[in-house]
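Shared between the two complexes below is chain A, which has chain B as its partner in the first and chain C in the second.
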Partner chain A sequence: MRRALKIYRILTIQNLKRLMEYKADFLTGAVSFLIDQAIGIAFIFIIFSQIPQLAGFSFEQIVFIYGFSQIPKGLDHLLTDNLWCVGYFIVRKGDFDKYLTRPINPLFHVIAETFQVDAIGELVVGVGLICYSAPNAGLCITPLSMTLFVLSVPFCTLIYTAIKISTSALAFRIKSSGYIIQMVYGMNEFAKYPTTIYSNVIRLFVTYVIPFALTGYYPVLYLITGEDPLFNIGGVVIISVLFFALSLMVWNQGLKAYESAGS
Partner chain B sequence: MKLNKLKRQYIPFMRAGLQTMIAYRMNFLGFVIGGLVYCFVMYYLWKAVFTSSGGATFMGFSMTDMVIYLFLSNVTGQLTFSSASNDIGEEIKDGSISMRLIKPVNTDLSYLATELGCSLMKLIVFALPVIVGLEVYRFCVFGMVEFQPINFLLYLLSILFAYLISFRVNLCFGFVAFYVKNLWGIGILKNSIINFLSGALIPLAFMPEWLKMILEYMPFASMSYTPVMIYMGKYDVNEMIFRLIMQLVWVMITYALSRIIWIGAVKKLSVQGG
Partner chain C sequence: MIYAENLRKEFTKIVKEPGLKGSFKALFHPHKEIVVAADNISFHVPKGEVLGFIGPNGAGKSTVIKMLTGILTPTRGQCWINGKIPQNDRKNYVREIGVVFGQRTQLWWDLPLLETYSVLKEIYEVSDKKYRERMSFLNEVLELDDFIHSPVRTLSLGQRMRADIAASMLHSPKVLFLDEPTIGLDVVVKDNIRRAIMKINQEEHTTVILTTHDISDIELLCDRIVMIDKGKNVYDGSLRKLKQNYGQMRELSFETDTSEHLTPEKFYKGLNLSGEDLTVKNDKNIFNVRFNSEAIPVGDMLNYTLSITKVKDISVKDADIEEIIRRLYKEGADEIE
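Presenting the complex of A and B:
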């Protein structure tokens, strides 16, 4: 464990050094994500200029959900961005050999290799929106609710990571799975708004099948109503751990099927 | 004679585009499904907005209008999508652009022909089915056929203009690769800006009056909003002609702009190794 942390630190420092080398790139990435988010917010603003509340939620509450949903997304983006490359080209080009020849866990190595600072854009927007909307969102704040709420963040992040691990692992069998990651990951759009606006089938789908609703709506619902922590927070913990375990299985199975690109 | 030569030179590029689409069809399917998921999220969001506002129309749009707007914007976006900025950026980075430059063809036109091949494929396998679907939906809602062949033909014409503008704007973004390496970040930035300014995310009609005025005259509106409005029959004859002319003007302006940048940039181009 300590060895893993040490390796992670060394790789991350390397990453940050590279970052200093390409400052303009870092700025472009972070600013791009910032603007992308700002436009999402402008959209909510324009809608709420016409209606006082949406599906029973006030403007501040919707902004809070939106902001919170960006934090697990950003954390996952910050830490595990290299999985995209596994899906898109690392396996296809046979570059995955590199990870197999080193004396550390390949999955750990893949994840540790990239520290994607572009994600700062999402994190800044997420925290900013939460700070902006929290005072008027009518939250039910007690020491217990705050603790549980903050505790849910790593588990929400785990859901993103689990989905990315299992979809990128498909590349071991079909060579390139970038488009599948894209397709599944794109469903995080559902996390930005209350699930009550969707039809029942979709609600069940984004809660249990591709559980992105758990990364935004449910934890916030708990903070707003203070009710049902067993499902709103406990459900997140259980489902995320379950999905993570499942994704590790898919990954390990996939690893056995990996064959290099030859030549 | 000249036309024949053009045909002989560029048809292979077009065929290559078509073949790429077929070879990477799963990739394309991924994007299509991603786009449709987005449409459905928006559909439910708007449904909630309509329910919450209590009226049958929201700022001049009925729910049926909104559904057609959403899906048609997505289709239009797919058809006018240009990956020129990525392709040219990659070629500048890895130096393979030199292979394109030494061929006896016009560089822009070769990109254009390849992409037209892709768009043709998208039109047949994706856009037409969605449009048929939308018309069936309209038929179910109104109980009669609302399809206007004239509007559809004008929509196709307008999409062609929209595509040409999108292609040129993309080309300009692609030249940014001469200066920055984070093409992926630039891609996100470009997409979200175009999505917002072109009205694909939210109809320009919903924007504050002053913003709407500005955006309607910018090239972005010509890239998605104009064709969709034409299809939906939201413009009268005079306005339609005016909008089409404006599109044409933007085609010319963006063409000139990308040429100027290109001529400047190609002088700076240095390819390492080979």
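Presenting the complex of A and C:
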């Protein structure tokens, strides 16, 4: 574990050095993420200028859900962005060979190789919206609820990571899975709003099948109502661990099917 | 040291008809075909040996190397290296090997070369002291000093290849896999790399498996060669034995007077030989005769030539290894078909 952290630190430092090599590209990336976020927030303001409540949630509560959902998304984005490249080209071009000839876990290696600073945009927006909306969101704040709420963050992040690991691992069998990651990952849009605004099918889907609702709505629901921590937080923990275990299985099975590329 | 036993690797290929329409058709009704990239490959390499692993393009060399290095899982068969099965004990196994794929790089593309080595140092847990010793040794044999502070993307191919070999050697591996380490390089760099491989092998008794299309690589470096073609073993033995078995080819070159009207047919008919045993080519009055000295001794050949024509200049030489290998590739292909 200590060794893993050391390697992670070293690879991350290399990454930051690389960013300094390509400053213009980095700045453009950061700005485009900010624009993306601004559009999302503007959308909420527009909705609430027309209607005072959404599925029983006040404006501040919706903003809080939106803000919170950006944090696990941002953390996953910060730490595991290289999985996109696995899906898009690392496997297809046979560049995955490199990771298999090194004495560290290939999944860890590929993840540790990228530290995606763009994600700081999401984290800043997320924290900003939480701070802005929290005073008027009618939260039920107790030491227990705060502890459980904060505790849920790494597990929410794990759901993102698990989904990216399993979809990117499909590339080992079908060569390229970038668009599949994109499609599945795109469903995180559902995490930004209360699931009660969707139909039953979609609600069940984003809770149990591609469980992005667990990364935003449910933990916040607990903080607002103070009810049902067993599902709202416990469910997040159990389902995220389950999904992560499953994604590791998919990954490891995928490795055996890896075919490299001609050279 | 290295045992490969009946290694077989199958790939599933989806056969598509040409064009976009074919691609769509394959999407819904894939016509799958099994391609055998390596079949029944067995060989053994003792410690400290340099093995030349050769064969024409697409013979399955890289597939075998990738199975030996643990990148691919064999469909059937097994390999043991240092008593380990790469696929079962990958993490511990790869500590003891170094791998260079000439067509790819394992260096960090955007960073100065030295940074790659400092990252690899941590990944392979090389101590500071050992790292310094290693870097000075590698600097000496591969002359990295000139470009060690340059970003990898700015290196020339020759520099990159030397840097890649150094990267694979940093943790003092017991076995070194070099897949086409001299591909696309000029003579001077090739020579530099060969000397480095030789030195590493001599000083550290590193076992080396080397694939190459460059005959000089084989002649200068390899104690033994294993040749495969179409996924199968074709030859396994020393280069000397190969030359003895297949090296009976000689080449006779001579120039006749312009007044002579000699034609190649005169050789074929007069000696009653053809095909692999005899080929005659001429450019006006300059003749080139390749013949098998087992079918016709060199003396007889000379006598015959001198009896049918007046020569101005004549020479006989051994066929080079390239010629032998060309013949062997051809025979290997015939055997399988």
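Convention: the second predicted complex is superposed on the first by the 263 of 263 C-alpha atoms of A that agree within 3 Å, B and C clash if a C-alpha of one lies under 4 Å from a C-alpha of the other, contacts with A are read in each partner's own complex, and residues count from 1 in each chain.
Operating definition for what follows: a contact is a pair of C-beta atoms (placed from the backbone, for glycine too) under 8 Å apart; a residue touches a chain by one contact, two chains touch by 3 or more.
What you see is a predicted model; the values in this text were computed from it and never measured.
Chemist: Following the superposition defined at the top, how do chain B and chain C come out on chain A, clash or fit?
Modeler: Taken together on chain A, chain C would fit alongside chain B, as the superposition shows.
Chemist: Contacts for A:101 in the overlay, against chain B (first) and chain C (second): which applies, first, second, both or neither?
Modeler: In the superposed model, A:101 contacts chain C only, not chain B.
Chemist: State whether A:180 touches chain B only (first), chain C only (second), both chains, or neither.
Modeler: Touch partner of A:180: chain B, not chain C.
Chemist: So, does A:208 touch the first partner chain B, the second partner chain C, both, or neither?
Modeler: A:208: touches no partner chain.
Chemist: Going by the contact rule stated at the top, is it chain B or chain C that touches a larger number of residues on chain A?
Modeler: Greater contact footprint in residues on chain A: B.
Chemist: Scan A:189 for contacts with chain B and chain C and give back first, second, both or neither.
Modeler: After superposition on chain A, A:189 lies in contact with chain B alone.
Chemist: Just to confirm the value: shortest Cα separation between chain B and chain C in the superposed three-chain model, in whole Å.
Modeler: For chain B and chain C in the superposition, the minimum C-alpha gap reads 5 Å.
Chemist: Across the two complexes, find the residues of chain A that touch chain B and also touch chain C.
Modeler: 22
Chemist: Can you name the residues of chain B that touch chain A in the complex?
Modeler: Within the complex, chain B contacts chain A at residues 26-27, 29-31, 33-34, 37-38, 40-41, 44-45, 47-49, 51-53, 58-59, 179-182, 184-186, 188-189, 192-193, 195-196, 201-202, 206-207.
Chemist: Can you list the residues on chain A that touch chain C in the complex?
Modeler: Touch residues, chain A against chain C: 3, 6-7, 10-11, 14, 17-18, 21-22, 94-95, 97-98, 100-105, 256, 258-260, 262-263.
Chemist: Tell me, which parts of chain C touch chain A in their complex?
Modeler: Within the complex, chain C contacts chain A at residues 11, 62, 66, 69-73, 90-92, 94-95, 97, 99, 101-104, 106, 108, 110-111, 115, 118-119, 122-125, 151, 179-180.
Chemist: Enumerate the contact residues on chain A facing chain B in the complex.
Modeler: Touch list, chain A to chain B: 22, 24-26, 28-33, 35-36, 39, 42-43, 46-47, 50-55, 118, 178-180, 182-183, 186-187, 189-190, 192-193, 197-199, 202.
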